[in-house]
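Once you scroll down, you'll see the structures, which are given as structure tokens.
Next come two complexes, and both contain chain A; in the first it sits with chain B, in the second with chain C.
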Partner chain A sequence: MLKLDNVTKVYKVGAFGGKVFAAVDGVSFDVQAGEVVSLIGESGSGKSTIGKMILGLASITGGSITVDGVPVKPGKDYYRHVQGVFQDPFSCYNPVFKADRVFQMIKDAYYPKLGDKEWDERVRSTIRDVRLDPDQVLGRYPHQLSGGQLQRLLIARALLLDLKLLVADEITSMLDASTRIDVLNLLAELKERGLGVLYVTHDLSLGNYLAERTVVLRRGTVVEMGATGKVFGDPLHPYTRQLLAAVPRLHAPWEDAAPTQTCHYHENAASGAMFEAEPGHLVACAQLDACPK
Partner chain B sequence: MSLQVNDLRVYYRTLKGDVKALDGVSFSMEDGEILGLAGESGCGKTTLGKSLIRMDGRMRHMGGTVELDGRELPIGDDRRMNDFRFREVSLIPQYSMSAMNPTRKIGRMVRELLRSRGATLDLDELESRLSLVELPHAVLDRYPIELSGGMKQRMVMVISTLLDPSLLIADEVTSALDVSTQKAVARALIGFRDAGFVKSMIFVTHDLALTSHIADTIMVMYAGKLAEKAPATAIVKKPRHPYTKLLLDSLPEVGVRYTEKRLAGIAGSPPSLLDPPAGCRFRSRCPIAGEECVQEPPMAEIEPNHFVACWKA
Partner chain C sequence: MTALQEVPAQDAAAPAGVRREALYFALRNGKLLTGFGIVLTLFLLGLLGPLFLSGTGSEYGTQPMQPPSAEHWFGTTTFGQDVFTQFVYGLRTTFVVGAMGGGIAAVIAMLVGFVAGYRGGLVDEALNMFTNIVLVIPTLAVLLIINAYLGVRSVGAQALFIGLTSWPWAARAIRAQTFSLRTRDFVDLARLSGANTWKVITREIAPNMSSYLFMTFILLFGGSVLIASSLDFIGLGPTEGISLGLMLQNANQWSAMQLGMWWWFIPPGAGITAIVGSLYVANVGLDEVFNPKLRET
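The block that comes next holds the complex of A and B.
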């Protein structure tokens, strides 16, 4: 459904925009309907930039992004199907708007002809779908709601549309453990209803919990991707191994990943293409920086 | 003994009444101990940290005492606390990364800060500390915005411990960082303790897995009170408070496949601290609550150094 093909994003940097910097460099992957794909990488690796390009909030420098074959086109028709939820729920809400107002804006923009009563019913049932009590959250200002409640309200707002794809960028990093699991379980339910979800995170344990497939990003390029069980269970790229070793585990000491000297995929990756280690499990050349391409 | 906190009560004055953010908290810390402080958002972690160093205008010290290295901290007296701040107790606040003055180069900022405390800069010492946290000497010539989140966080650590305080409070210093940076910062914190730059440390976070790697002891708070305090391995392997157990159960782990199985959050939400219920504050969410729980459970030492406030632990 969502397809990124050799996507590149170049920012101009420096005092007069004299230098260029590739925040995203030749990224290709897809997200199917009814699937959660997690996009993992350290801070600055380009995750949010990818999310913003999909949502039409940043221009695409090269390559293409399509949803059901149609290129990204910011506008009502596109946002009916594609929505994003972001890290800091408080910044998405105007603090002087009550929760109801946020839903009313959706109605005005997308369903102006619908009767008020019918709309109210729909809002309430959607709020119940994200397991909130409409009477408790409607009529409240954002600062009167917890982070988890706000995050769920934002998801509810997206669900009122005819949604196909949800981009969730670090939506759980501000939440504590118990609330976080509720929000993750909600995303899992949405996927079961046929939604495609791109789950952006730097927390590997959350990606592992939720996603069918995992894409590991490093400095704007994909170093490894495949079924989550494969990428996490049998990581091939030294960077993936290094990330996994840094994850704090409850019942095991911190490991130090052994640095890999040689790359098995070096010859195969001479063109910069990824090597398919097994069906669907792709890995980039680990010596890419040195690779003459 | 490094720190001794006795029945500490700190409330926030609001229009609707007092928010009882710390409501009778007692614990102690040994020399060299790293204490992990965990609990869900709003339970009072930051309030505890701030109480030990600087109360904001709305905070009121309602009762209880704090002793550091045998001396009582005048926590309710902002002026008298000046003798202790930075020298004896230092805080790395939540969101401190964004709080660095953006118009000053880091080196100048450090010098000014030391001067304001009547101390001079020992450049050799500063450099050796920078290298301990793997920062190049050149950071001193840079502006804060020129550093990544992880670098800023380590810089703040170095700055706040320059005068070798007895107690360092680190509030959510790793929460915004990715795993590799988090690990580096966490190890640097342990290094500071080992090198004696700080005697003991309170490490505040809601990431229990991370705390278990750093802390000697973990203390779990719930709604303004202590729920459980025990050596880190005991909290992780043999938690006794129902709240600690549920918190641990809600953590997803890498290396586990979750195809069918779903984890559960803790149903319900914590009580309002404006008017907290009598008895055990976890009662409305506790799966094993019984009649006795309408009485407040005392903190009991059920095994050496393992303290739990629960009738059924």
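The block that comes next holds the complex of A and C.
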């Protein structure tokens, strides 16, 4: 459904824009309907930029992003099917308006002819779907609601549309542990409904909990991707191993992953940019920046 | 308890509800009512006062230098002109110059500031360059030239000129504020709700800084009144009529202070201060009405 093909995003930096900085460099992956794909990377790896490009909030420098074969085109028709939820629920609401204004905006743009009563009923049932009590959250200002409530209202907002793809950009980073699980379970339910979810995160365990497939991003390039079990269970790329080793575990001492010096890319140059270690499990050159590509 | 809890939270989604709620808080805000009350009083005095007065305040009288009395409420000038009549007509001119000059400047400042701040990039560069050019234009010299060649000396022309030259600082301030607001997630969310640039600016960014915008207008209003009075002083003001600034300059010119004629300069000075000060107090009140976080203290 969602398909990224060799996507790049280049920023001009320096005093006169003389230097270029590639935030995203040749990223390709896809998300199918009814599937959660987690996009994992440390800060600055370009994962949020990818999310923004999919949502049409940032321009694409090169390559293509398509949803059901249609390229990203910011506008009403596109956003009917593709929506996003962001990291910081507090900054997603205009503080001078009541929180439920986000629903009103959807109504004004997409369902202007719907009766107020009917719409209200719909909003309430969607809010119940995200496990909130409509009476507790409607008619209140953002600062009167908790982060978890606000985040769930944003998911409810997206659900009011005829949604196909949800870009969830670090949506649980600002939540406490118990609310986090609630929101994750909610995403799992969306998956059951046939939505595609791109779950952008830096949290490996949450990605592991939810996603069918995992894409590991490092400095704007994909270093490894495949079924979550495969990537986490049998990481092939040294960077992935390093990431996994960086997760603190109880009763286990810290231990750095031994870097591999085998370069899959050069062993198998014919297969293109990434080496397919097993069906669906791709890995990039192991020598990272030193790769003589 | 907090004021907010008194408000029933029903039908908040309906636009009428929002308006009713703003009105609810507006009518309970002392600062807003006091500020607007004073401005409105002075405005009505300027608007309706002349209907009840004989003369225009510039006629010379037979009783010069009289302190306030039942006959001359604010006393008379060195030439026997009635200060109250001058004050009432002066208020008129001052409101016209302030509202027109401040209004024109505010509209230009908002247009330039919002577009430059929201669009960024080349549009921003171009508009910013234009703003800076206008900022460094020597206003007084240009006015002298315009006056010499065109000889336009009406109150409207003066207000127009002030409006067209006093907007740059406001545009820069609005641009900076817009810059910081446009990266907020709620702007992205509005775009995800299908809002175009115009809607994002008018429905998201402008309401968020509404008290700031009103404040800008008040400062531009006050600035216009002051610029007008200094223009009046060097003889570039309107050739007919009287303004509060002109009264102050006349009082100064004829040594009212040294002669102890306090009734000549206090009313116009207090008038300008009252208008600008009350607008400022009203603005603080407006902020409390429109910013829900400030309501609960």
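Here is the rule we use: the second predicted complex is superposed on the first by the 279 of 293 C-alpha atoms of A that agree within 3 Å, B and C clash if a C-alpha of one lies under 4 Å from a C-alpha of the other, contacts with A are read in each partner's own complex, and residues count from 1 in each chain.
In the analysis below, contacts are C-beta pairs under 8 Å (C-beta built on N, C-alpha and C of every residue); 3 or more make two chains touch, one makes a residue touch a chain.
Keep in mind it's a predicted model, so treat the numbers as computed, not measured.
Superposition note: with chain A as the common reference, chain B and chain C can be accommodated side by side. In the superposition on chain A, no contact is made by A:Ala33 with either chain B or chain C.
When the two structures are aligned on the shared chain, A:Gln104 is found in touch with chain C, with no touch to chain B. Contacts of A:Leu206 after superposition: chain B is touched, whereas chain C is not reached. Looking at the shared chain after the overlay, A:Leu244 reaches chain B, while chain C stays out of its contact range.
Aligning the two complexes via chain A yields an angle of 80° at the C-alpha centre of chain A, spanning the centres of chain B and chain C, rounded to a multiple of 10. In the superposition on chain A, A:Leu57 contacts chain C only, with no contact to chain B. With both structures placed on the common chain, the touch criterion links A:Ala227 to neither chain B nor chain C. Within the superposed three-chain model, A:Ala22 lies out of touch with both chain B and chain C [touch as defined at top]. Shared-chain residue A:Arg140: touches chain C; no touch with chain B.
Here chain B and chain C sit at a least CA-CA distance of 6 Å once the structures share a frame through chain A.
Once the two complexes are overlaid on chain A, none of the chain A residues touched by chain B in the first is touched by chain C in the second. Put simply, chain C touches chain A in their complex at residues 9-10, 12-14, 18, 184-186, 188-195, 204, 207-208, 210, 290-293. Touching chain B in their complex are the following residues of chain A: 41-44, 146-147, 173, 175-182, 184-185, 188, 202-206, 208-210, 229, 232-233, 242-244, 246-251, 253-254. Residues 52, 55-57, 74-76, 79, 83-84, 86-88, 91-98, 100-107, 109-110, 116, 120, 138-141, 143, 154 of chain A are the ones touching chain C in the complex.
Of all the residues in chain B, the ones that touch chain A in their complex are 40-42, 148-150, 175-183, 186, 206-210, 212-213, 236-237, 246-248, 250-258, 262-266, 269.
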